[in-house]
Amino acid sequence: MENYETGEIVDTLISNYKNDEHIEEIEFNSQPDVDVIHEITRKLLRIVFPGYFREKNFKFYNLSSYINSLIEDVVYNLEKQIYLALQQCPECLDKNGVVGVTVKEKTEYVIRTFLQRLLVVREYLATDVKAAFDGDPAAFNKNEIILAYPGIWAIAINRIAHELYNLNVPLIPRIMTEYAHSKTGIDIHPGVTIGKYFFIDHGTGVVIGETAVIGEHVKIYQGVTLGALSTRAGQMLKGQKRHPTIEDYVTIYSGASILGGNTVIGKNAVIGGNAFITTSIDADAKVSIKNQELDIKTGTKKEVVQDENWFYII
Amino acid sequence: MENYETGEIVDTLISNYKNDEHIEEIEFNSQPDVDVIHEITRKLLRIVFPGYFREKNFKFYNLSSYINSLIEDVVYNLEKQIYLALQQCPECLDKNGVVGVTVKEKTEYVIRTFLQRLLVVREYLATDVKAAFDGDPAAFNKNEIILAYPGIWAIAINRIAHELYNLNVPLIPRIMTEYAHSKTGIDIHPGVTIGKYFFIDHGTGVVIGETAVIGEHVKIYQGVTLGALSTRAGQMLKGQKRHPTIEDYVTIYSGASILGGNTVIGKNAVIGGNAFITTSIDADAKVSIKNQELDIKTGTKKEVVQDENWFYII
Amino acid sequence: MENYETGEIVDTLISNYKNDEHIEEIEFNSQPDVDVIHEITRKLLRIVFPGYFREKNFKFYNLSSYINSLIEDVVYNLEKQIYLALQQCPECLDKNGVVGVTVKEKTEYVIRTFLQRLLVVREYLATDVKAAFDGDPAAFNKNEIILAYPGIWAIAINRIAHELYNLNVPLIPRIMTEYAHSKTGIDIHPGVTIGKYFFIDHGTGVVIGETAVIGEHVKIYQGVTLGALSTRAGQMLKGQKRHPTIEDYVTIYSGASILGGNTVIGKNAVIGGNAFITTSIDADAKVSIKNQELDIKTGTKKEVVQDENWFYII
């Protein structure tokens, strides 16, 4: 290796860090650890779907000792991460409606409540697996849904993260759902409320914003956005309901966008592919885009035209 | 760490597992191992593109011993996974048209046939790499295609998984293609039949359903769906041709959706960006959406309007 | 394990490799190592955002020795990778406008210049984090932007890769941005020029082509394409400006496509969701798609119709 006199670069970088543009955290280890939170998330998936995902480093033949070991591991690591996250949020230090508890008290309260909620998460996930199997003719069996469907993976992580979000834990729920987003292309904010029997097929490009509310037996496809009408006011909109409400038994086909905090899609409605919707839709309605006007030139032979203006892309 | 009395939670979880909502697999190790199948998939990519991806743990300077070692490793692990998968599917136990062979016999038959088919997979992949290089002005050389193009990665895994799908192996082909989907955003079902010289550029959001058939020299871009017209009948549609046929030399630009099992896109046709097509298109045709009506307000200064209704998003 | 006589398969494969369809690289270790480049990329992110991402294998309590160790590690590994990449590109061997330097000279020149540019990368990234926080009502604090926003991750890797692209290094910049694409669904070519205060929200499906130019304070959402009008001429178009120019303070909502090398979106313009634009737009304009014609059937009860033609998807 050449001698690159890296010492000078290091000195310049370090004095640059001290400018404090807020993209450095000089007090090491004060931030939650993204890798540890990913590992916790994978372990939580093993707890809610036991027997589907293997341990790499050791084997268990006794269910009780296996689950006990997983839970202790999750608690040990999650406790530390929650503690670190709560230190960034004095207004998060509430417990049973009372504010002003210590970070330690709040952390313990979160862990206890969260562990109990895992049973509810499992109850909901069982309905999601059933909805995916019943809804997809390409599904071989329910094992395939758990082993190979990105939608169930994203929904499982979202249901877990949503419990921490409800307990007013900052940063960690969002790191968990971003992990799901990275693996599946499905971006559901941990704030979203989702009913039973939720099915997302394929899922790449799905975006569901923080204040959306989704009923039971809802089915959505790839590229669907449940979004806000403009967020140009930025942080001024914090806390407002900016995203739509989807009632029970609604189906939303691929590429559709449904926008706005006052938009309600009524029970049983079906929203066709690529529809762009900014007002409420009645129950039982079927909405589709009118036949798109297409320009069809019946061709002779193809030739390469460099500047043609009518079909497109990178 | 606090004492969280995890014993009680574990007991409750374990009794909850026994409710058998089919999201647990109490007989450990009866499911195929997703992580092992991902590792097999990476090794198969090293076999079909030798010399492009490095070994972490050891080095070889002799091609023959390197490939031999990779093949033995793949066979050893794949054999076990196929065995586990076939145990879930009595109707998959066929061999040369005869049904009712044992799981062991079928497993051996699959391995032998699959190894031989790797040569054909390589023959097809060589054409795909050529198509990508010829088709993309941003490509530097063919090495770049193999090292950094998500499309070739997704196609390679699909061609490998499709061989196992054709041999009537359940679960594993789908786990392989979902691995590709997770890494590339390209979701191609292992059932899809794809001709030579296939090029997918960018690829995020591409969805190609199980019964689609794709000819030679086909080129598609990000966000293209080759899908079904409604799947509300769910499992009742199993086995039907639900997805379109794309003939040779067709180009499909980004965001286009082509839907339905009877839809055929004829030879040489070009489908423009965002077109939404549910009927067949003649050979040589050029299809584009008619100029979208745009509402252009020449602006004064921007101002923040919170409830404006005409531009959008989360 | 069965005896599968793998020797025969290996022999056939090896003789097949020698057909040289250019999908094998029999001279091992002549290609850049994708895994090593990913690891370098992760270490560079630790250098530009110090304190946010942890080391797994060791701990540092002294900032200067930590950064020094990271820089030395990056230099050691990057030097080798750049050397391998440059060997494939005689026309890349320029330095300060003079062509014909050796691979070794060029490699040293690249490393020295690149290290100094990291300060500029950090200066730009500080503005991007600020833009993300100010622009998103769901953001909790700036730490959340760095820890959990895919847009900032993709932009950071792009800004790093762009420095190597500008220094005329082949392959490596593209491997870096494809790593970001795989993790985030955001596909930005390393050739793109991007001003300060760039914000990508959600981001899945974003595609920005090699010759695009983006001003300051630009904000884009998921599914946006900044692309070319047809690339059917393939390699013949190399070097031409094929992708649009986006001026300062432009906002582009989700799913919009803006295409063509002569297309300029003027300062302050706002492009509405799903707009499809192939000509220039004036400064301060607000562009939206005219109300999409929707077909709304007020429903009775849902029934399963297998061949219905009006809503769609896989």
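Structure notes:
Each chain carries a letter (A, B and C) given by its place in the written order, and its residues are counted from 1.
In this text, contacts are C-beta pairs under 8 Å (C-beta built on N, C-alpha and C of every residue); 3 or more make two chains touch, one makes a residue touch a chain.
As the structure is a computational prediction, the values presented were derived from the model and not from experiment.
Of all residue numbers that take part in the contact between chain A and chain C, under half occur on both sides, making this a different-residue interface. A rotation of 120 degrees, rounded to a multiple of 5, brings the CA atoms of chain B into register with those of chain C.
With each centre defined as the average position of its C-alpha atoms, the distance from chain A to chain C rounds to 22 Å.
Residue positions of chain B touching 2 or more other chains, listed in rising order: 185, 202, 204-205, 207, 209, 223, 225, 227, 231-233, 236-237, 242, 251, 254-255, 257, 259, 273-274, 276, 289, 302, 311-314.
If you check the complex, the residues on chain A that touch chain C are 1-2, 4, 6-7, 9-14, 16-17, 21-36, 88-89, 170-171, 174-175, 178, 181-182, 185, 187, 189, 191, 201-202, 204-205, 207, 209-210, 221, 223, 225, 227, 231-238, 240, 242, 249, 251, 253-255, 257, 259, 268-277, 281-290, 304-309, 311-314. Residue ranges on chain B touching chain C, taken from their complex, read 47-54, 56, 60-61, 63-64, 66-68, 71-72, 75-76, 79, 108, 111-112, 115-116, 118-119, 122-123, 125-126, 129-130, 133-144, 146-150, 183-185, 202, 204-205, 207, 209, 222-223, 225-233, 236-237, 242-243, 251, 254-255, 257, 259, 273-274, 276, 278, 289, 292-302, 310-314.
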